[in-house]
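First chain A sits with chain B, and in the next complex the same chain sits with chain C.
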Partner chain A sequence: MTSSSHKLLHVVDLKIGIPHPRRETLIMVDNANFDIGYGEMLGMVGESGSGKTMVCRSMIGTLERRGATVLEGQVLFEDQDLAHASESHWKKLRGKAIGYVPQSALAGPNPVLTIQAQLAEALQKSEAKGSIAEQSKRLLDLVKIRRVDTVLKQYPNQLSGGMRQRVMIACALASEPKLLIADEPTTGLDVTVQSQIMELLKDIRREFGTAIILISHDLALIDDVCDRVVVMHAGATVEVGSVAQLAVPRHPYTIALNQSRIDIAEPGSELVTILGSAPSVGEWPLGCRFAARCIFRQNDCSLGANHPPLFGERGSHQSACLHTELLKGAK
Partner chain B sequence: MPTYRIIEGSQVSQSIIEAEDVSVTFGSGANKVEAVKNVSLTLAAGEPLGIVGESGSGKSTLARVLAGLQPPTSGQVLFNGEPVYRGNRSYIGEARRQVQMVFQDPYASLNPQLTALSAVAEAVRIHNKCDKKEAESKALELLRRMGIAQLDAIKKPRQLSGGQRQRASVARALSANPSVLLADEPTSAIDQSAQAQLLNLFRGLLNQGLAIVLVSHDLGVIRYLTKRVYVMKDGVFVESGNTEEIFNNPHEDYTKELLASIPGALGVAARRRRSA
Partner chain C sequence: MAGVIPTSLSSGKEEDGANRNRAALRRVFYGRSLRSLSVGFWVMVIAFLMIRLSPGDPVRIALGSEATEASVAEMRHKLGLDQSIFYQFYRYFINIFKGDLGYSYFSNRSVTSVVTTHLPVTLMIIALSIFLGILLAIPIALFVALSKNQVTTYLFRAFTSISLALPGFFLAVVGLYFFGIKLRWAPAAGYEPGFPGNLQFIWLPALVNCGSLVPVLSRVLHSSLMDTLDEEFVETGVIRGVSKIRFYWSYLLRPSLAPTVVLLSYMIGVMIGGTVIMETIFSLPGIGRELITAVDSRDYPVVQGIVMIFGLIVVFFSFIGDLLGYLLDRRVTLS
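This part shows the complex of A and B:
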């Protein structure tokens, strides 16, 4: 850990599961491994059910609400271990150092609170100077909402999807976090609104040096705005690297994801799709969990009880594939 | 490169759908909303056509008008030269069967109580007037063509993935043996590899001669599938023409903005052109 201890957050061999009094513990995340530096923008990509949201929940202390718990590993945020923090510890931490923008902008804000009340709640723990009203206005300015006085008096249903997401980002920024987690912040929004929200995230990072984790299933979007990428499949990190490094992927899953991108496909050409679907939680096979869908599969891929670890030095381009030598030339 | 059985441009003799001067107004007085304003459009048999625009541009309303589901306030839609709407009511006839629609949210459009198989079989039975057993085997075949195996076909919508649900609703639309498929934002609720799978299916359907109207806010999807596109804003078409040409040489500022917003390589290229 010494080599990269200047980073803001380390997720090390994280294992998350839902314990059951009689049956076996249901494992949802196993082998999650990545770091994020100060002011860095990290993209997290993977299909539905790959454990992206669970990993992020472990950083904001809301795993328990889903009955889940960290079984092994560490989530180190500025040398505090969040993985085993108590609820009273979380009460001090939550919403302060790490901000969270939920997936559904339309369902995110409380429908019976005005934007003013919404922001006041988020500002409760703020130590910044000025009255709540002044701070609310400043926050809305920050997320580039015009007509601030009108918006403050409105309810979420009176705002468009893009505006609602801006309000959610404003709430997450209320306590000037060092890390902002945006969980699919633009799903269901138009591409034009999506590109505005992305510009906003980039501005926030530039202005305040906020590190940002952007969760998305859209590799093209991550390419546009992120520095580094972590690829998740069936609860495990299968590849980590810079955006440039991932253009030459070292894991078959990333290769397949790249090939299914329509922004680089020839119009009307056959798009590559990934065989089958990811194994469900509780039905993970032995060995590599991608093997059954992999076109490069070898006999030894499904041997061994555990999913292959990430090979290569932490912080460099890492992949969890046993046979990267077979992938040369594939993009 | 696969070849499309389509005719460039629009020759009146070959158009399967013609919308003439269509307007749709909702509400009245202060609440009056003109969703679609004097829009005309043609669709050739077997043509992949795109309609692109943001939320609120009127594109979904227009799609509903073309599908025979929303009588226009003024104007007319012709299907094979026959008017679709008579007075204020839609004409229940050939057009209803031949023009099928797939909606944005497959979860909302499939009956949660029915398995994918029974949902499709029901549609097969209605459109083909066959008995239950025959309908089921036809439905299974349709689902199989859409990449849904028998094991998944007997699942209910909530047990299926987003991509599978969307493909099940395409299978249901195809049960009527339509000549036009209207797809309203079919890819916006599903993830990247499911999107690729659906687009591959659409390409296969085009090769079999089906016309597809793809309604989307994402020009990336439109570029991949269609040959001709209408760009819609505030209820009117601001630009239309050959998809590739519009991509390489957009005239309207609005189209340029849409192009620059596409995530990934396409948007980067468009932004570079715009600032050059």
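This part shows the complex of A and C:
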């Protein structure tokens, strides 16, 4: 645990659920564990419903809006526990140290406000020098928007998807955050625009040392831009490690994800898919939640009441598989 | 992987953003104006044809059954009814722009004077109804949309449905009994011209009008609010930590209001109908009562004038409503 105290953010044994007055609490995330260092770019992969977005919402304080709450564990951001922050505490935190770029570029910006007005909102808590107008222009320059004066006066519906996402990134950067969370920032964008947005994120990180959490379905993309990767499955972290380490996966789910990559598939060969589908929230099996889909399954995989924890030292290559010895040689 | 890709997304014309906004607004303004003018023209045509196509000869009705052929012909000539229908329309159309809507068959009042004396009363009632309606509908819709309690939504739907199903005259009678007779908060009848003084006479009819206005407005606003709450940009507002007032206005209400505003402007027609009834029940000297009297006595020029004015009011407010909807939310497309 030596290095962990120097990290920017720790997610420790995080459990998130939606309490219900009559029925049982619906668990969305259980056993989420990972860290992110200063200036690091962390990729987060997993199928829909694996709890990626929920984990991120716990970092920006928007769980309550969806009726969800942190049940156990911690989200330590520079020694502040975000997981149990009160609403009044959030009032101070929001719009400052953590920036957020939402999933859908088209629906991200407020449709009834001009770009200028939105940047002004984002700049409320900024301590940088210069008037709001100067700072706004600087931010749009930063995200490589040209014709800044034109764009400032426009409404989001007058901009293309890529431009809107650039604006959202500019807004997220307004408070000079230490951490930027980008939740599938390129969903619904053209491939060329996607790569431009990715280049932009890389530039931002290089220039300002901003740590970035990049949520994506796209393993190839994560390989390309990230330092480390967190693999989520059914609400749990199943594997954490550097991009290089994950090239030799230690969890069957990661292996399966790797095999189903389109970018490295042999031309003409049949595409590999993962067996079955991810267990839905509320229907998680006992023990390892991947066991039912796993080709390496052993008898003891489903025995324990809980999902296996991450084995190995925090910060190293960790996996939540009970039988990593069986995976040798698999890719 | 993307070194060769240009980093700008310049999309063609170098045009100033504000100019482009203004140009778009101008397009909407002219488009709507043109449409309103053409609808307005047809309102005039229909009001004109209404008399000519209605059964019975207005001249004979006006003069009574004992009139001689000669006096009928004379009256016909006096009213210009012996001219061709196109010429009649031409005269009518030109006179409208001169502010001349014709003369009552019975009294010697000009229709213009009937309208200018009685229309303000009706407009006051409608204005107050709309004001009260908005004042009630917005908080109700917001409260229901933001309450996570299913029972609230259920009760809201039930009450709005019941309120819609109750006819205006029933609510008026109940209101009169309760506020007028039991509590003595409102006079049962009468009117006093002049702005603050007339409020005590028109607040109750306006409130009764809200019985049909508030359910419709709050239902539409509620469903728009529910849609807005699901949108991603609402989360952006939360994350940016914008102030409460700004959040409620810019992130919840404003993106949801356009359909309600447009609907409200279309409901002016319904409001006029409701107000005609209210004026009769509360004996208010509005134009609706004049209309009913005129219809009763077949005073066609008065009916024609008032119907045309009502039509033009509806057209005008639809125009304002569409424009306001667009100004509130630029996503609104007006085809």
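Here is the rule we go by: the second predicted complex is superposed on the first by the 328 of 331 C-alpha atoms of A that agree within 3 Å, B and C clash if a C-alpha of one lies under 4 Å from a C-alpha of the other, contacts with A are read in each partner's own complex, and residues count from 1 in each chain.
In this text, a residue touches a chain if its C-beta (ideal position, glycine included) is under 8 Å from a C-beta of that chain, and two chains touch if they have at least 3 such contacts.
All values reported here derive from a predicted model rather than from experimental measurement.
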Touching partner for A:P109 - first (chain B), second (chain C), both, neither: second
Touching partner for A:S195 - first (chain B), second (chain C), both, neither: both
First, second, both or neither for A:A291, with chain B first and chain C second: neither
Touched partner set for A:D223, first chain B, second chain C, both or neither: first
Which of chain B and chain C A:A256 touches, first, second, both or neither: first
Which superposed partner A:L180 touches (first chain B, second chain C, both, neither): neither
Residue contacts with chain A in the superposition, chain B compared against chain C: C
On chain A, the residue positions that both chain B and chain C contact, one per complex: 160, 192-193, 195, 224
Chain A-facing residues of chain C, complex: 1-2, 5, 7-11, 14-18, 20-21, 148, 231-233, 235-242, 246, 250-251, 254-255, 328-331
List of chain A residues in touch with chain C within their complex: 60-62, 65, 67, 90-91, 94-96, 100, 102-104, 107-113, 117, 121-122, 124-125, 144-147, 149-155, 157-158, 160, 162-163, 166, 168, 171, 192-193, 195-196, 198-200, 224
Partner chain B, residues of chain A touching it in the complex: 47-48, 160-161, 188, 190-195, 217-221, 223-224, 256-257, 260-274, 277
Residues of chain B touching chain A in the complex: 1-2, 4, 54-55, 161-162, 188-189, 191-193, 195-197, 199-200, 203, 217-221, 223-225, 243-244, 257-258, 260-268
